[in-house]
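Okay, so chain A shows up in both of these, paired with chain B first and chain C after.
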Partner chain A sequence: MYPAIALVRASTSRYSVTGLYQGSVGTANYARLFEQAALPTVVANTVVWVVVIVAVTVAVALALAQLLNEDFPGRRLVRWALIVPWAASLIMTSKLFVWIYDYYFGILNHVLLALRLLSAPVDWLGNDSTVMGAMIAVGVFVSLPFTTYVILAGLAAIPGEVYEAARVDGASAWRAYWSVTVPLLRPALLVAVVLNVIYVFNSFPIVWTLNDRNPGFAHDTMITYMYKIAFRSSLRDVGLAAAVGVVNVVVILLAVLLYLRTVSWREAEA
Partner chain B sequence: MIRALTTVVALGAAVVLLGACDRGGDGPGAAGGRSITVVIADYSKEHTKPFWQGLSEQYTKQTTIKVDLRIIDWNSIDQQVSTMIQNNQRPDVLNLNSFSSYAKDQLLYSADEVLSPRTRDDFIEAFARGGEYQGKLYGFPILSSARAFFYNKDLFARAGLAGPPKTWDEFVQAARKVQALGGGVIGYALPLGPEEAQAEWAIWMWNNGGDWKSGDAWALNSDRNVQTLRFLADLANRHRVTQVNPGKTNRTDGAFQLFKDGKVGMVMGFSPLAVQLDADKKVSYGIAEMPTATGRAVTLGVEDYLMAFKKSGNQDAVKQFLDLYYQPENITRWISAEGFLPVTKSGLQQMSVNTKLKPYLDALPNARLVPTTDPAWDRVKLDVQQNIGAAVQPGGDPKQVLDQLQKNAVAAAGSR
Partner chain C sequence: MSAPPGSRAIGRRVVLAGAGLTVAVLVLAPYLVMICTALKPESELRATPPRLTPIEWRPGIVLEVLGDPSFQGWLTASLVVALASTAIVVLAATPAAYYTARHRFPGRSAFLLLVLVTQMFSPTALVVGLYREFFELGLVDTYAALILTNAAFNLAFAVWILRAFFAAIPREIEEAAAVDGCGRIRVLVRIVLPLSLPAIVTAVIFAFIAAWNEYIVALTLMTDPARKPLPVGITAYVTAYVQHWNHLFAASVLAIVPVVVLFAAIERHLVGGLMAGSVK
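Up next is the complex of A and B:
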């Protein structure tokens, strides 16, 4: 609890550039936060960042988990390989992708040019229209292992008899998937979505590393925005950054509550 | 002689320490448990920690005061120091690239309080001035560096260029000829991304006769400076002699990497880049003065600082630590190992025998410092780093960018 109290207290205080406490300012930091010109852009970035990563991750993880649930030669190896992006440090993974995306040295441009999918190299991380997509791809890549394993556990928990019953009733494979697998996976999906939303929202290293070359706040999410306000922009304002921190906690709590309510409400309806 | 000197210093230290203990009660603990916290920025993995660890052991041997040594990387040092100060756990000695905000907040001892006159008098005058706030020395120079103009000799020969450009016109011609070689070769690598944009900008600005300030007031959007930034935008968008997206390219993994790979004709570098180039042996390079539009080449000197934090009962302990670092054999040994430049007269004398350092030492008298003595600089620097790159992107407006920076600088100067 102490960090939360300290955060709230900091958000109502003023600090000098050095971090020296200069007294209480009440709610002034919150008022100033909502006057920041960059805020709408950052909020929009954050929504895109969280929604797209979680949606794509869950969709791909559903397919991957289905595949890994089947018996095939080398399954054990693939299952192990899937853990790698999860086990590697996020900063190392991000640095690796910085090189993959590099305009001059990056392997992505080489491959796409060789396959004639591109006619000229692209500056993936410097081009305003591609940088968010490039970051999201990394976000999906590192979120997949955990999500896939949660869903895989869910699949393993579905008893074989229900599929037998479906087959006896003459259900096709697709029908069985939509009417048997998906409903029974609901608890696993719920866990996967909630944890991923929190995790992706709070993710710092990917955006920080891949976006470090770009000026301003054009591609920041709330988390990197908070850090920049405190230490990397001309604001250099720990109090204002703490206000962003409090808003972040409140927003993520509300989002998760809202999601859980919607889901359980649909369950009641069904 | 040195041994005798050490003994005298040690004896002196012991006497001072006994005196300090006599006063008692005031300090952070009794003699046995006394310690100071020393925060040092990580300049290199090979040299920084070993040197400061050795110095700390030497200090503890002489004074019995323990040293809590923290080596922190540049990426997180601002954050960690700010956290220490927020939590009222200030370091006793801090190494950083800024000092005046700390002096303004009245957190620091001045030189009169913690440096012996001999140490104070050994500082090169320009660097001592660079550490002054309101007429007193608070930011003690710890080391310095200077930028120089690097060019790729092979590419220059292929482009039929006899030598490095001296004027801006010659520079544009050279960049065009190198770029015209084709095959992905780049004329000039211009890093105006957030990492170090203020340094690149300062050099171009000064070599067109502009400056950060006019007198005591900020003058970021002077006509000269607008002209300079337009020149840089033209390099990127009209002459097309830079790498892609110069406003979004950082120095270390961008411009330097391209130069080290032999893809670039010219770049502004410093001695650590030369060390890497020498190790790689891939690029044959020359070092020259900055091209200038005013007839007098100016380079950027960078000075980092040591600061002593005021805490009750730590004055003597801090003084002894600083005196130990500033003993000529200690400071010069470390600066040489890291590949930086001296800040003391004795160090300058000792290091001038090193021929590798000659171009930088020659440039030192013409080097200018950024206005770190102004507490608003900490904000202005970050603002320039974060925003100036937008001016050289396609469609960027140099005047508008500088007007906004000027507005923010004036606001920062007025704020507390």
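Up next is the complex of A and C:
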């Protein structure tokens, strides 16, 4: 718990560039935070980052889980493959994608050119219009395994008799999916969505690594913005960064409260 | 599934297997690039057009990385931090989980709630506070700071998964042992721990992997290049000045393979633990 207290205290204090405490400033850091020119961009980036990744991840994971819930030869292989991006260090996966996206030597441009999907190579991570999409793609890639497994657990909990009943009643497969599977999957979906919102909001290595070349805060999320203010930029402003940190913690707390409501805390105690 | 294995059923299985194979290839493709790049000589990294597989296979790159004193330093740091924090997690979580599973005490519900909430906080949002804390304690750039942070943040998951398991062990077994003259501690050591070994193994592997992959706290707290853990250390292979992508990815493969194997072993228990028993 102590880091949280240190964070709140730091957010009301002023520090020199070398990190020495220079006294309390009350809420001045928060007032300064809301005057930062980059803040609207960073907030907008964060919203796009979280909403798009979670929405795409859940949509793809629904299909993937449905596939993995069927019995077919090689299913175990697919499940094992899915573990790799989950278990691998995020920073190593991010570095890997920096290399894959590389303008000159990256395999992605080469493949897309060979397939005639592109007429000229694209500087994925250097171009303002593509960098966010490129980062979101990696975000989806690393969020998929966990989400798929959660939905798969939800699917496994649906008893087979329900489907038989639906078939007896003459429901088509598509109809059965929407009227039986989706409603029964709601608890698992809620868990997947809320936990992903928390994880994706907190995600640091992807944006930190893939956005490395771009100056300023044009493609930062709240988390990397806070980190840059605290440790990297010429500002080196611990007080201001701590104020961003407190805002971040409040956002996560709200998400956690939402999570506890959706899973209904008492159930977990039984 | 009761349908006779007619040609339609076989066709369906072929389609499903094809879809499954496509998914597996798509998921693994980036890591195939990683492995192939790790086996290329330096000169081939800048070949245009780029090709996936090396012209000249250089498995020796992996040995070069293993023999690199910097890599050995990062590996040592990773092992020390991951092993020590895992030991703390298991030693602290086992009694805590057992106690909360067996006893009702005032604040038990609040305690479990607190544990759940810390699970959702990655160290990321708190990193500025963490830095201040260790700065004031004079622990910046020490293994101790990383060990404590990792242990603290991984404790929650371990308590949850162990508690669920302990709660499922019938009380009668323990009572029978007590009637036979076993003390509290002996019941725990002789009966409960052997029965809950799978859960403990899961907690151990999870805590180890989480600490092994941890990045932001290590990035922030460790300044001595020789004592950075692997995820932070290996980024030195590719900077604005040197670009040894083959070494970077050889080191990554070395760091990822053991973790994937461990992860596959606990995958079954993991989802349940992460969802904290909310979906039955």
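We take it that the second predicted complex is superposed on the first by the 254 of 270 C-alpha atoms of A that agree within 3 Å, B and C clash if a C-alpha of one lies under 4 Å from a C-alpha of the other, contacts with A are read in each partner's own complex, and residues count from 1 in each chain.
The rule is short, and it goes like this: contacts are C-beta pairs under 8 Å (C-beta built on N, C-alpha and C of every residue); 3 or more make two chains touch, one makes a residue touch a chain.
Every value quoted in this text rests on a predicted model; they were computed, and no experiment measured them.
Clashing of chain B with chain C is the outcome of superposition onto chain A.
In the superposition on chain A, no contact is made by A:A176 with either chain B or chain C.
Legend: residue contacts after superposition of the two complexes on their common chain; A:L90 is shown touching chain C, with no touch to chain B. Looking at the shared chain after the overlay, A:A38 reaches neither chain B nor chain C. In the superposed model, A:A188 makes contact with chain C only, not with chain B.
Once the two structures are superposed, chain B and chain C can be ranked by residues of chain A touched, with C on top. Of the two partner chains placed by the overlay, neither chain B nor chain C lies in contact with A:V56.
Of the two partner chains placed around the shared chain by superposition, chain B and chain C are both touched by A:Y104. Look at A:V238: by the touch rule set out above, it reaches both chain B and chain C. Of the two partner chains, chain B and chain C are each touched by A:A230. Of the two partner chains placed by the overlay, only chain C lies in contact with A:L82; chain B stays clear of it.
Stretch 130-138 of chain C is the one among 130-138, 148-156 or 166-174 that clashes with chain B after the shared chain A is superposed. Under the contact criterion defined above, the residues of chain A that touch both chain B in one complex and chain C in the other are 10, 19, 104-105, 227, 230-231, 238. Touching chain C in their complex are the following residues of chain A: 2-10, 19, 64, 67-68, 70-75, 77-93, 95-97, 99-100, 104-107, 110, 141, 144, 146, 149-150, 152-154, 157, 187-188, 191, 195, 198-199, 202-205, 223, 226-227, 230-231, 238, 241-242, 245, 248-249, 252, 255-256, 259-260, 263, 265, 267-269. Touching chain A in their complex are the following residues of chain B: 78-79, 81-86, 101-102, 104-105, 107, 184, 193-195, 243-245, 247-250, 253-254, 257-258, 261, 263, 375, 378-380, 382-383, 386-390, 408, 412, 416.
Listed in rising order, the residues of chain A touching chain B in the complex are 10, 15-22, 98, 103-105, 123, 125-127, 212-216, 227-228, 230-236, 238.
Residue ranges on chain C touching chain A, taken from their complex, read 1, 13, 16-17, 19-21, 23-24, 27-28, 30-31, 33-34, 37, 45-52, 109, 112-113, 116-117, 120-133, 135-136, 209, 212-213, 215-216, 220, 230-232, 234-235, 238, 245, 248-249, 252, 255-256, 259-260, 262-264, 267, 270-272, 274-280.
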